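Shared between the two complexes below is chain A, which pairs with chain B and chain C, respectively.
Entry: the complex of A and B
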């Protein structure tokens, strides 16, 4: 198959275009989707690019169907993905819960919009709880929260590998700002950079007689006995716990001597990084901690940071969804916790800096 | 360029503020700058005020939206109302002088207020269609965020297919950009003597 990107090149794109390119170079074969702002252009660009590289697209009747058809594609051995946002993400939790139960490597890109319900089509970080823990299960999924177009590209590629390597549903959590803004990034072919793409295989329709020529496959989401279900969930949770430390990612800076550590994720991290840079220039002992994976959380490093820091400021465009994840990870630590919660609103570097100065006085 | 230059452009749907923002952003990207451009969107996009936020700098750009712009451009009365919140003591506030504004409508604490006869000039000297390119010239004239040549290339890239059909349009657009630069310099000069104060702390400008 012809490679979509032969040589690395600079590009100036919207986040939605970036996702389409990333899925393409990651070797995604099929996208299933239903339109919802602010992720529509992922579908638009995908449908424009897909025929050139012999990839497929199906527009379904709603997000339930988009989720289930993605499951179908994956079970047929195709590298398949979907994208959604807001109320679409809510609906999609039903099929994604099934994917969790059946350990299916579906990849989902979420561009968060305001909530609850229809709310705004613009922006928020209010789909953290839904994306990390949605469905009637235990949240056995992997969620990357990106903060720049380069990361959106890198982690969309990575999501396919993580999903197919570990067989847990994998999410790239962006937002309306990241979807719509334009900024420069470098597009590349992962294999040209030495990133091997994990291969796919069908879950059903394999050759050979099951039980004789190959192990039988059993893919179910229904169980008759509570003992049976208990064993299944415990096994999956055990697998998840085992991989969590190697999947978890974070970045932090200046936390060693910090009087105040500012915690954030996603696009808000940009404001925090800028504020911390400016505060350091003015002699304030401030650092930042940013989980890249919201599920699993980087529990060890988060706890260690919270044990050392005097004060922690949690900044997010939601009413404490990141804070809940963090508090669970850092349970028992002594740091004072302060918050800058702006549900459905952007957070600027200036506000973060002002709040930090208040806390340091 | 030391600090990041923050630009807000606002007008009625159809006035072409997003095109202007896109041309500036593309030109800055080609120039090797760090750039972040985000349009406002949502329900208000349909028939409402269209706002574009552009940031250009050498270092990494922070959040997509910001508190105060270095330059804020408003092209309609509603846009004047809408963008007041982005204006502070260090902001140059440009608006079209044909907008009927009461004194209280204009942002009180702006570093500089520059009425530019963009709509009139485009209509009388050029063509109403190149009004937005004239605004582009005014923004470049006021900030110097991208060299004129680079802006010409970006215009060529965006509108080249139209210039192919009608080469006169190329000249018309480039003249509009030059005229916009002249207007803003003249206006700033009138108010502040030769060197406009709003650019005084930004050495590379004008």
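Entry: the complex of A and C
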């Protein structure tokens, strides 16, 4: 396969374009998709780039179909992905619950928009609960929340490896701001940087005649007995727990001596990092903590931070969806928890700084 | 196999059936076993066991998830069509079969059937029509006949309020282009049903487009019928609405029938 990017290069792109490039260099062979704002340009760029590199695309009749056709592609042994947002993400949870049950390495890029319902096509962080815990199951999926275009690129590549290595559905959780804004990043071929791409394997349509040369490969998501299902869920949850510490990622700074730690994820983290920098310059003992994986949460480090901090401020463009995940991880810690919740609205560094100053007085 | 008594000869089964999962899990008198026998024979005759992937839906069709010695995916209610579409797009060399009931195909998965047919997806859909939702205990389906009693039409289906039976193959024929294969068979005529299924598979193998076979099937459990009543319903009542025959067949498929 011809490499789309031979040599590293600087680029100035929108986030959706970045995702298309990342999927391309990660070796994604097929995208199945359905239009919904603000993720449309992932398809637009993919459909322009894909034929040049012999990759496939199918525009489906809805997100149910986009999810289930992606499952078909993955089960055929191809690196396949889809992208969605908002109400599309709601529909996408049906196929994703099947992927969760059947341990299918489906990759989904979500560019969050306002909610509930149709809401706005612009931006939010309101798809955290849906993406981490959606479906009638136990949330056995991996969710990377990106905060910059470089991360969109890096984590979209990584999502394919995580999915195919551990066989849990994997999400890249962006948002409308990241999707639509343009910023500089470095594009590269992962293998040129020593990032080996995990290989694929067909679940069905394998070599040899089933029943004669090999047993048939038969995959189901339905069980007759409670005990059968119990064993299945316990096994999968056990696998998930085992990999969680090596999958979980976070970043933090200045938390050791902090009177206040500001917790955030995704694009809001950029405002928080700027605010923390400015507050430190003014002599305030403030730090930040940012989970990169929202599922699994970096439970150990989050709890440790919450045990040390006097106060925690949780900033998010939702009404406490990150806060719920964090409180579960940090259960029992004594820190006072304060919030800056702006569902469906952007959060600026100035707002964060102002709120932090209030809390530090 | 030690459970099989030596004096009882094993019934003749298609080569592509998985013997260790027989007897199958369908109720006595169920039509699914007959449809799947025709499908198994067609697969045998075409010698494609090594390149077929079978997908089954939710509803009674899910009980076929280990029915064949064939790679199989059991999906969600109505979603077998898109899974097989996605697979076929990714692996065009495979022969993909989506197997479902009338609820899966004509109600909850209707948008997938319509769009896969309309796009001319090169897959084969086999749909068993037993005029109601069987797995959930016999509720009205889009295919329930006028006056037919089900759990949600206890006084009989009233077309004024709940519509007339859904004409699946006629709808598929109307929205597909030349090259599609569309037929309605019946478990009352297995030789014919097998030939329709075989032609539907040949149509896919030849890359001519969407192939669809509805099979009129029986459900004595939910119909609460004895053997004679069951066959009467399949042979006399159902064809009042559902005409058996080829509804759309390309010249090539028709030629196959003449030759065959």
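Everything below uses one rule, namely that the second predicted complex is superposed on the first by the 350 of 361 C-alpha atoms of A that agree within 3 Å, B and C clash if a C-alpha of one lies under 4 Å from a C-alpha of the other, contacts with A are read in each partner's own complex, and residues count from 1 in each chain.
Simple rule for what comes next: a residue touches a chain if its C-beta (ideal position, glycine included) is under 8 Å from a C-beta of that chain, and two chains touch if they have at least 3 such contacts.
Quick caveat: nothing in here was measured; it's all calculated off a predicted structure.
Engineer: Check the residue A:347 against both partner chains and state whether it touches chain B (first), chain C (second), both, or neither.
Structural biologist: First partner only, chain B.
Engineer: After the superposition on A, what does A:205 contact: first (chain B), second (chain C), both or neither?
Structural biologist: After superposition on chain A, A:205 lies in contact with chain C alone.
Engineer: Would you check which partner chain A:73 touches, where first means chain B only, second means chain C only, and both and neither mean what they say?
Structural biologist: Once the two structures are laid over each other on A, A:73 reaches chain C alone.
Engineer: Looking at A:268, would you say it contacts chain B, chain C, both, or neither? Reply first, second, both or neither.
Structural biologist: It touches chain B, and chain C stays clear.
Engineer: Quick one: name whichever of chain B and chain C touches more residues of chain A.
Structural biologist: Per-residue touch count on chain A favours C.
Engineer: One more residue to check, A:56. First (chain B), second (chain C), both or neither?
Structural biologist: Once the two structures are laid over each other on A, A:56 reaches chain C alone.
Engineer: Between chain B (first) and chain C (second), which, if any, makes contact with A:225: first, second, both or neither?
Structural biologist: In the superposition, A:225 contacts neither chain B nor chain C.
Engineer: Could you pull out which residues of chain A sit against chain B in one structure and against chain C in the other?
Structural biologist: none
Engineer: Give every residue of chain A touching chain C within the complex, in rising order.
Structural biologist: Interface residues on the chain A side: 29-30, 32, 56, 58, 60-62, 64-65, 68-73, 75-78, 80, 94-95, 98, 202-206, 208-213, 216-222.
Engineer: What residues on chain B touch chain A, complex-wise?
Structural biologist: 22, 25-26, 29, 34-39, 41-43, 60-68
Engineer: Write out the stretch or stretches of chain A touching chain B in their complex.
Structural biologist: Touch residues, chain A against chain B: 12, 37-38, 120-122, 176-177, 180-184, 267-268, 270-271, 273-275, 346-351.
Engineer: Give the list of chain C residues in touch with chain A in this complex.
Structural biologist: By the definition above, chain C touches chain A via 16, 18, 49-51, 53, 58, 62, 65-66, 68-76, 79, 82-91, 94, 111-112, 114-115.
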